[in-house]
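Shown next, in structure tokens, is the structure this report addresses.
By written order: A, B, C and D. Residues from 1 in each chain.
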Amino acid sequence: MHRFAKPSVFLKLTDPLLPWLAGATAILIATGLYFALFASPLDYQQGDTVRIMYLHVPAAWMGLFCYVGMAICGAMSLIWKHPLADICARATAPIGATFTALCLITGSLWGEPMWGTWWVWDARLTSMLILLFLYLGYIALVNAFDDPERGSKAGSALALVGAINVPIVKFSVDWWNTLHQPASIVRMDGPSVDPSMQLPLALMILGFTCYYFVLLILRVRLELNERRIRALQLSGMFDERSDQEAEKANSYDAGHNAEASQ
Amino acid sequence: MSEFFSMGGYGSYIWGSYAITAIAMIALLLATLRSLRNSRIERDQLETVLQARRPRRTKKAPKAS
Amino acid sequence: MANFSGSDLTCLRGERLVFGGVSFAAQSGDAIMLRGRNGAGKSSLLRVMAGLLSPRSGQICWDDENIADDRIAHQARLQYLGHQDAVKPVLSVRDNLRLWGQLRGVKNLEQEIDTALDVLDIHHLSRVSGRYLSSGQKRRTALARILIGQSDLWLLDEPTVGLDRESCGEVSRMIADFRSSGGIVIYSTHIDLEVDNPVILDLDKFAIPMVEWLMEHSEFDDLGPDPAQEAAQ
Amino acid sequence: MNGFLAILQRDLRLALRQGADSVMVVAFFIVTTTLFPFGVGPEANILARIASGVIWVSALLAAMLSLERVFQTDYEDGTLELLTLSPVSLELLVLGKVLAHWLTTGLPLIIAAPLMAVMLNMDQNGFVTLMIAMLLGTPALSLIGAIGAALILGARRGGVLVSLLVLPLYIPVLIFGAGAVEAALLGISATAQLQIMGAILLITLAATPFATAHAVRQAME
């Protein structure tokens, strides 16, 4: 009967996992950075700028990965009505939006020296931009309700609808791009990925994925904490209190202020 | 060394993208940790009040706040 | 002999527990009156009974068949009156009522509307558009709606809001007629609506004391130190 | 089916009585389109080049403008609750409401579109394709938009929110709608684009009523 009980399973499972994930994130990203910045060859065409790829491609991967994750959470929330699915989707959205924005920014920084322009209406960049809009729509919707749970549910439905739409958008943008884009412009997939580039790329992708899971666990905990706080506040503990309890409540205030001023 | 930082003349683009990525990722992590800490503090305080409050229904006028 | 019952119903609104462990049973001709403080969950229970809201636990059965299994059949047998009157300002009273009759597939719709308007004494308003109605007249239009078409179950949420004493008498008569024809009425009201020996369901008794409940269910204490455990040590 | 016709009839009657709605949408469409020559200059060949895109974007915005009203008023006065409880499947009722929305907003836009095409100096051989493309595209816009309109029920700032949710989902319709007209203007067959638009319409017709009905039920909880 109590939904508050279920999340504890999540906490028990993730508690021992968290330090390992955090460690893996640090190691993977550190070695990935070493290879990306020092020990990887230059692209014969792009020179040093190819190093931006080691951020751009993992960020793009994370943007898509997070959206797929949100859609899966949305489907689970629809089928099993498990509150944790809504919470996970909600916790994923800002991470996915950040990575999508990073993908666009690094793409732009890569494009300027290569194409001489900050923005190209390239099919991939444009699709990522639309993905960012989808993220922003989700975040706005989820936060637009007074009842957070209602917001999460509406968001899950939207994530699912958006996920069905993403392939259609991708297809139509590709089609639009081939129609309008002169073929002479260098495409993002221009440089063939050399095996020596694959290692840092794989390390960074794995590192970013681990980073996502670390952040996901933390954000889900945050959300669970906030739910518990709301439940506690709603319980009316502070309504009808005896002197003794009022005293306790005062000590609460005092404690809180002490903590806050640290 | 300076050759490494100049990155064949593209240093500002490359270091710029690495810096932005690092800032964004670290900021997201720190913001999450910070609000997690705050929520934990607030929750602990509320739980203390909850535990202090024995289940008894003493009717008293609500304290004006 | 129809049988409408619910067992062990728990309802959660947002993150707040409204009530827990509510059971009820009614047979043709019965009336149940819901009582309780503000926020005790009278409206929520009626919405759960209508199928608008799924209960967190427990189930509701009509003739021993869970209403969640066949929503359309349940919706065909029930008439629900909510807080709002759903009267469109630009449509006449008759046009307003016609939609609901059409959705229920009522035959002889115009006749049924006439009868319903007569019962609630608003026949003279049938061509008046909704925007000119007083709140009492709107409420009576909404009440006329539940008379249109066949139904076995009425769920009335504060049916007498905005009505004068005289109209309350009409509502009482409506309910009595409906019960004598084998209908089940479940209603909530603040003022005493004259209904013959209704079963009283006091939702205050099923309120879940949040403080105790939260203390019992603090499973996610692994998030931080558990004050209770610390105290025990 | 009776329920579908009943709700369609009522919504059309409401739109007629409340008037203004269709007129406003068309007026918005015309005014938005007229802004472009002020923005890009009145040279005939530039206008002719961008005409199809401008008309589609304006139509998109105009169709979106009226979305909020599809469910909002019914939600506020309790009608939506009763529709959810009526013994007709909610998907069918949603479809009826969307059809009414399209008849009162999409259809007037299709009629107004050639007029704006003339004013933007679009070549005559694109007109038929434009009308066909809009005939296929605007119902899809109404269907997709209805999901957004249902999702925002009970939210703060519903109007702005619905545009943020719905516009990204409109992009495929925009791409193929404008692409079809462009092809026709170049003298190429636009069949491929129109077929894809037909496919989009069929997919949305099959899928969106369920999503919308689900969102409406959620809002009733």
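Here, contacts are C-beta pairs under 8 Å (C-beta built on N, C-alpha and C of every residue); 3 or more make two chains touch, one makes a residue touch a chain.
According to UniProt, the chain labels map to these proteins: A = Heme exporter protein C; B = Heme exporter protein D; C = Cytochrome C biogenesis protein CcmA; D = Heme exporter protein B.
Keep in mind the model is a prediction, meaning the values are calculated, not measured.
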item	value
A-D or A-B, whichever has more C-beta pairs in contact	A-B
Label of the chain whose CA centroid is most distant from the centroid of subunit A (Heme exporter protein C)	C
Centroid spacing, where centroids are CA-atom means, of subunit B (Heme exporter protein D) and subunit D (Heme exporter protein B) in whole angstrom	42
Cα-centroid distance, subunit A (Heme exporter protein C) relative to subunit D (Heme exporter protein B), in whole angstrom	32
Centre-of-Cα separation between subunit B (Heme exporter protein D) and subunit A (Heme exporter protein C), whole angstrom	16
Where subunit A (Heme exporter protein C) touches two or more other chains, by residue	150, 221, 225, 228, 232, 235, 237
Where subunit D (Heme exporter protein B) touches two or more other chains, by residue	221
Per-residue multi-chain contacts in subunit B (Heme exporter protein D), two or more chains	40, 43, 47-48, 50, 53
Complex interface listing, subunit C residues touching subunit D (Heme exporter protein B)	50-54, 72-73, 75-76, 78, 80, 82-88, 90-91, 95, 99-100, 102-105
Residue ranges of subunit D (Heme exporter protein B) touching subunit A (Heme exporter protein C) (in the complex, touch as defined)	147, 151-152, 154-158, 161, 164-165, 167-169, 171-172, 175-176, 179, 196, 200, 203, 207, 211, 214-215, 218-219, 221
Residues of subunit A (Heme exporter protein C) defined as touching subunit B (Heme exporter protein D) within the complex	37, 42, 47-49, 51-52, 55-56, 59, 94-95, 98, 101-102, 105-106, 109-110, 112-113, 211, 214-215, 218-219, 221-222, 225-226, 228-229, 232-233, 235, 237-242, 245-246, 248-249, 252, 255-256, 259-260
Residue ranges of subunit B (Heme exporter protein D) in contact with subunit A (Heme exporter protein C) within the complex	7-10, 13-14, 16-18, 20-21, 24-25, 28-29, 32-33, 35-36, 39-43, 45-50, 52-53, 57-60, 62-63
Residues on subunit D (Heme exporter protein B) engaged by subunit C in the complex (per definition of touch)	2-3, 5-7, 10, 13-14, 17-18, 77-79, 81-89, 93, 220-221
